[in-house]
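What follows is a group of structures, each given as structure tokens.
In the two complexes below, subunit A is the common chain; its partner is subunit B in one and subunit C in the other.
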Partner chain A sequence: MSKATGAGAGTTLYSLFFFAFLFGPLIIMVVTAFNSSSFPRITPWECFTTDWFSVLVNNARLMGGLGTSVIIGAGVVVCAVPIGLAGAMALSELPPRLRAALYTVLITPILIPGVVLGISTIVFWGIVGRAFGEEYASTFYNGIFLTLIGQITFISAYAMLVFSARLQRFDPTLTEAALDLGATPGQCFRKILLPFLKPAIGSAAFLTLLASFENYNTTVFTILSDSTFTTALASKVRLGTDPSLSALAVIIIGLTLIGAMVHEARTRRQALLRSGKPQLSPLYANPVTRVMTHPAGIAIMLIALAGLLVYLGSRHDASACKAGILQQKRAVQEQLLEEQRARIRKLREKAGPATTDAPATNNPSPFGGAFKPGMLAPKEETAPANPSPFGGAFKPNALKPKE
Partner chain B sequence: MSALSKAMHGFVGRHGMGAAVFIGVAVFFWVIFLIVLPQMAMLDYSFRNNLPVADVGGPKDVYTLTNYAYFFFSANGSINTLDIGVLGNTMLAAIFVTLIDIALCYPIAFILAHSATGVAARLMVIGLIVPFWVNEILRAFAFRVLFGATGVINGIGQSMGLWDAPIDFIRADVALYSGLTYAYILLMIFPIYNAVEALDRNQIEAARDMGASWWRVHWRVVLPIAKPGIASGATMVFMLTAGALAAPQILGGPSSLWFTQLIYQWFNQSANWQRGSAYAVLLLVVCICFVMLLMRVFKVNIGAIGR
Partner chain C sequence: MTKDVVLDHVSVRFGSYTAVDNAYLTIKGGEFFSFLGPSGCGKTTLLRCVSGFVDPTEGRVLIGGKDMANVGPNKRPTALIFQNLALFPLMSVADNIAFPLEVRGISKRERRRRADELLDMIALPGVGDKKVHELSGGQRQRVAIARALAVEPDILLLDEPLSALDLKLRHHMRSELRAIQQRVGLTFIYITHDQGEALTMSDRVAVMNAGVIEQIGDPESVYDRPKTPFVASFVGETNRIAGKIIGQSGQIATIDTALGRLKGKAAGGRTYKPGDDCLLFIRPEKFGLAGDGAKAGTSDNAIVARCVKEEFEGSARQIFLEAGGVDLRAALVNSGEGSRRLSTDEVATFGFAPTSATVLPADQSGG
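Here is the complex of A and B:
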């Protein structure tokens, strides 16, 4: 770290601030998943509970949407990855002027607001459907079909960007050498270019799946009356919030962390193997640590840990604590009620013996007892806790000038 | 056209007929049926009346400007300040969010490219990516948990005695702006990072040796290199923020309306697809014009986006 690049306390401080902004909301959301309060919050802390997870799993609409999302996600991966590959290859082969034009066209779906894409998709396929004289129940009005089409439009562009980045590092002399040695062009494509692109295919597939699963703006229009996981989630959030959504976040973040750790282990292991002498590393030489630092080993350990946590969580019973909290709340309510009663009793005593025959204890008469016989007698002071909605404005004394 | 056929021939020679046909068909289908025709259909639709199914294609199905007129003028002929105001507010808010994102991300991208090393840099990259694997809706929800009337910030502030009554962050749009800023951070960092990474560190050191102050080094040496990255990131963040729907629906206050929400209402509550299309066209045109204008001003071309 050199001074010239501005490294130092300021840098560290800013990085810490930045990552606090990035992770703070997520951490807080995760914590709220374990609070028994029915609104997601940290203060006041009530009970540690795992009940919100079962609330989440029992939500039929979300789980139904999950199925739809998986179908759509698989379809998008199958279509968007080849289309993105085709786009990237076309870009790499075209002469510069044509390439710039095609690039502009292919990149626009990323920039166009998702709302606009969704609308244009349903409008266009609706017109196509009508042109074929189809009924409203046909494929062209099917939410899953339309969502697939709408998502492929822009998710292919993501895949294309991934492939373009990889293709830029491709050495075309490899293909030429193979052609000179007598390979057919088709063989070159299958045996040289596709293997070279293999890692990019993997990451493009992952990216497209994630993008499809996450998408809301386009999907909310194209899904019509159906619902995917994300749209079901959004309507649930809009209607009202409860910590079962935090529980969902816990699950997603957990899966993400496991994935990130396994991926990190894999890149480290590959770097180690590529260095040529993995035996020199103490972690690799020892068979136990070698298995433990193998990506599969780490995956198994993490999944086992997650399984253990789920098992422990499912056995945790918060009902006793919840009952305690309920009792406490009742006690507080009771106390408040008692105080109010005491106040009213005191008032009545002050108002004189005439009110003793009034009905019920805490009378919430809208007239504030103005029509009670004793009330017309001039009083010393106005009641502090008058339950009248008019704030005592209609009492005879209220109009008198104050002293 | 000759250039195209030449490229095609070269392509068949190198990758074979099968690959060439696959690429040709896939790109053609993508460009024509997924990108161009749907936009045309939407444009066409926006000039039509909202007719019952039986009348579609009949004598009443003529082109009209009423949908656009509705946006500009209210019923009695005066300017429709409500909808125009919503569009203007959306644009202003999107600009605001984009500026905040630039200010937040430029330092971190620079740190990532030139100050952090080894494990720290790797951890930072992972730390940047991981939050964005979480669903967009859930990220907005997290901000609702933070900023709600009984949310975490109000809870902590009140229990510490900083303020008495809960502050309505949602009505004040604090929650919305933070949520949007958060949502698209990643799209700002990586373009800037890619641009700044290309900078030779010796240039910075040379400038320092010549006695340039820290601010001056950034203004004269780093920023010009970072400019295409900033433009690319800013374009994406601006377009996505202006077109955001989930965050305004979840975090928006009762008085503030995002333009996409208007479009959503025309489609799903009023069932007037034609007018919704007209509004969508307006959003698209305004956004694209704005981005083009900025690219002209800052002398960046669209080819830089997504790199």
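Here is the complex of A and C:
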């Protein structure tokens, strides 16, 4: 960096803040996953533990939700990608005015709030179910089916956007050339258009899978009594959070990092091969480093590393440390109790022997007796003469002209 | 093997716009036939009619005597070479060439053999495994031709295939295309706006303007005996002089112009009445300069003109003239020593043979 690009203390500071803002929460979350404190926090640091991972894995509701999410995600990918592709192809074939109209129609599900989509999905399929005279146990009232349908309605539109972006760069004369050379329209699609769309199919599948997996506001309605991973997670957080969620975050971040690194290795390797002279690269020339920089090699290494960490983590036993901490906590508690007892004793001594009506002054309730019957009842003498906020305007005869 | 292409009163309309108006012609089997015209004249539409991407609004397209209505582009014995070539970017060169064989279900080894054969034919052996983007413009051009030939078509359609190449390559590919055509003996239908391409390569040329075929003929007759003012001015350089008919004796019409009385050939055996408005077209190279000695018989049509500018082009000199308020252009062949040079503002007498000038009626559109 040179002076001209604005390098300096200000820029450095700004960059630091920027990255702290981006990654700070993630780092803290990762650290809390290994603290034995039963509330996710860094300070006070208690014990290094991997127990939260087993707590996470042993949470039946969460793991059941994960299974449901995977099923729904796979279903959504299988349905939404072809639907999106069909929509994008229809868009590219239409004359401009019709295209604008169809585009609006297809994009609407993204603009409609997910809550509305969720509710309308249940209502609509409920009506359809009733029209067929189906029972409540039938498909039309099945949470997985409804979630699948509900998510496909708007996730296909995401897939469509991905495909139409790619299709805009497609040269339609290629299809004409293929037809002219004797290909049937089906062969044109399979041999010319699909290979061109291959990268877009990959990104559309990934995008739809993520969109399905992380969706909450539509799913929370359509899943009915069932639960997906996201809804299970949300209900868990509502009841109070523990570091097993941080452990989950660690797993997700780890998977993302592995995926990103493998993808990066693949991109670099392709760029190297495209340059036409891979032999010139020292990493490619050496057979060992060539295997090591191959995306599959990197994937294997990273997965092995992750497996090793999991194995080491599972062997780690924090019970001794935890017992120590427990002991410490007990001691602190003991000490606090002792102090309180001493304080009470002192108070008693001060008050002297006239302590027969002690319950009134020495109330043990931490809520100041708020739950004592009659405690919160309004006192009669302070009650306003007229309780109406409208000054009695609605009292009969109040607006009648005075005689 | 070779099949005639007949355009039987073909018209193509897009809404109220007429792209092709009543085209009627026969292209003989084995012929190199060009459609020449400015962009937007409907020549590409006509080509797409033959290849099957556009259906004629009226009329029929017949190939080898068979009506092509309801025959899709993939079922016609034609192969089209697109203006942008439309090579498949994701396939190797060999896969591109073998694509027509692949969709016909021919085995992989046979495909490869045919592709290598065709690569040999276009003088590009050994590039089969390269990607299309690794080839140069001229090589891609030849690959596109090889791919079209792999179909074993009866008719090869070429839509301005040379327009993306640089000048030198374009000249080279002209003779290359002509050589390929003569080697394989196919019917070539060639679309271009470049009269040089049309004239050098074709057996016959159809000149199109605004959807109408104005003239069909071999290159010489189109150049030397234009039938309409448009053809006269579009094909090659020409001078255009407006005038009125005075009289006609046989083929030679005498007209009164701003440059005086001039004589020219009445094109297409037309007879004019005295007083008819007409146009006289004379090519720059048909002018002779009096006293130059290079051209005899220039006394018939004598034009006294002032030299505005002279440009030396090596083989010829382009002389820009002004006479009677009309700008003219003459091209004098560089015949070496002794040829007369003109200086700016020098007045000289130019002449041309009446048979080398064309007289056309002025009421026709175009020009």
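To be clear about the criterion, the second predicted complex is superposed on the first by the 323 of 403 C-alpha atoms of A that agree within 3 Å, B and C clash if a C-alpha of one lies under 4 Å from a C-alpha of the other, contacts with A are read in each partner's own complex, and residues count from 1 in each chain.
Throughout what follows, a contact is a pair of C-beta atoms (placed from the backbone, for glycine too) under 8 Å apart; a residue touches a chain by one contact, two chains touch by 3 or more.
Being a predicted model, the structure only gives us computed values, none of them experimental.
**Student:** Which term applies to subunit B and subunit C once both are placed on subunit A by superposition, clash or fit?
**Tutor:** Aligned through their shared chain, the two binders fit side by side on subunit A.
**Student:** Which of the two partners, first being subunit B and second being subunit C, lies in contact with A:Pro82: first, second, both, or neither?
**Tutor:** Only subunit B is touched by A:Pro82; subunit C is not.
**Student:** Between subunit B and subunit C, whom does A:Ala306 touch in the aligned arrangement: first, second, both, or neither?
**Tutor:** Neither partner.
**Student:** More residues of subunit A are touched by which partner: subunit B or subunit C?
**Tutor:** The larger set of subunit A residues in touch belongs to B.
**Student:** First (subunit B), second (subunit C), both or neither: which does A:Phe196 touch?
**Tutor:** second
**Student:** Which partner does A:Asp171 reach: the first (subunit B), the second (subunit C), both, or neither?
**Tutor:** A:Asp171 sits against subunit C, while subunit B stays out of touch.
**Student:** Tell me which partner A:Ile252 touches in the superposition: subunit B (first), subunit C (second), both or neither.
**Tutor:** First partner only.
**Student:** If you stack the two complexes on chain A, which partner ends up touching A:Asp180: first (subunit B), second (subunit C), both, or neither?
**Tutor:** A:Asp180: touches subunit C, not subunit B.
**Student:** After the superposition, what is the least C-alpha distance between subunit B and subunit C in whole angstrom?
**Tutor:** 8
**Student:** Between subunit B and subunit C, which residues of subunit A are contacted by each of them?
**Tutor:** 179, 184, 187
**Student:** For the complex, give me every residue of subunit A touching subunit B.
**Tutor:** Per the stated touch rule, the residues are 1-7, 11, 14-15, 18-19, 21-26, 28-29, 32, 39-44, 82-83, 86-87, 89-90, 93-95, 97-98, 100, 102-117, 119-125, 127, 130, 149, 152-153, 156-157, 161, 172, 175, 179, 184-189, 193, 210, 213-214, 216-217, 220-221, 230, 233-234, 237-238, 241, 245-246, 248-249, 252-253, 256-257, 259-260, 264.
**Student:** Given the complex with subunit A, which residues does subunit B contribute to the contact?
**Tutor:** Contact set of subunit B toward subunit A: 3-4, 6-7, 10-19, 22-23, 26-27, 29-31, 34-42, 45, 56-57, 104, 107-108, 110-111, 114-117, 122, 124, 126-131, 133-146, 148, 150-152, 155-156, 159, 182, 185, 201, 204-205, 208, 214, 235-236, 239-240, 242-246, 249-250, 260, 263-264, 267, 273, 276-277, 280-281, 283-284, 287-288, 291, 302-303, 305-306.
**Student:** Quick one: in the complex, what on subunit A touches subunit C?
**Tutor:** 171, 173-174, 176-184, 187, 191-192, 195-196, 276
**Student:** Inside the complex, what are the residues of subunit C that reach subunit A?
**Tutor:** 51-53, 72-75, 78-80, 82, 84, 86-88, 90, 99-100, 102-104, 134, 147-148, 150-151
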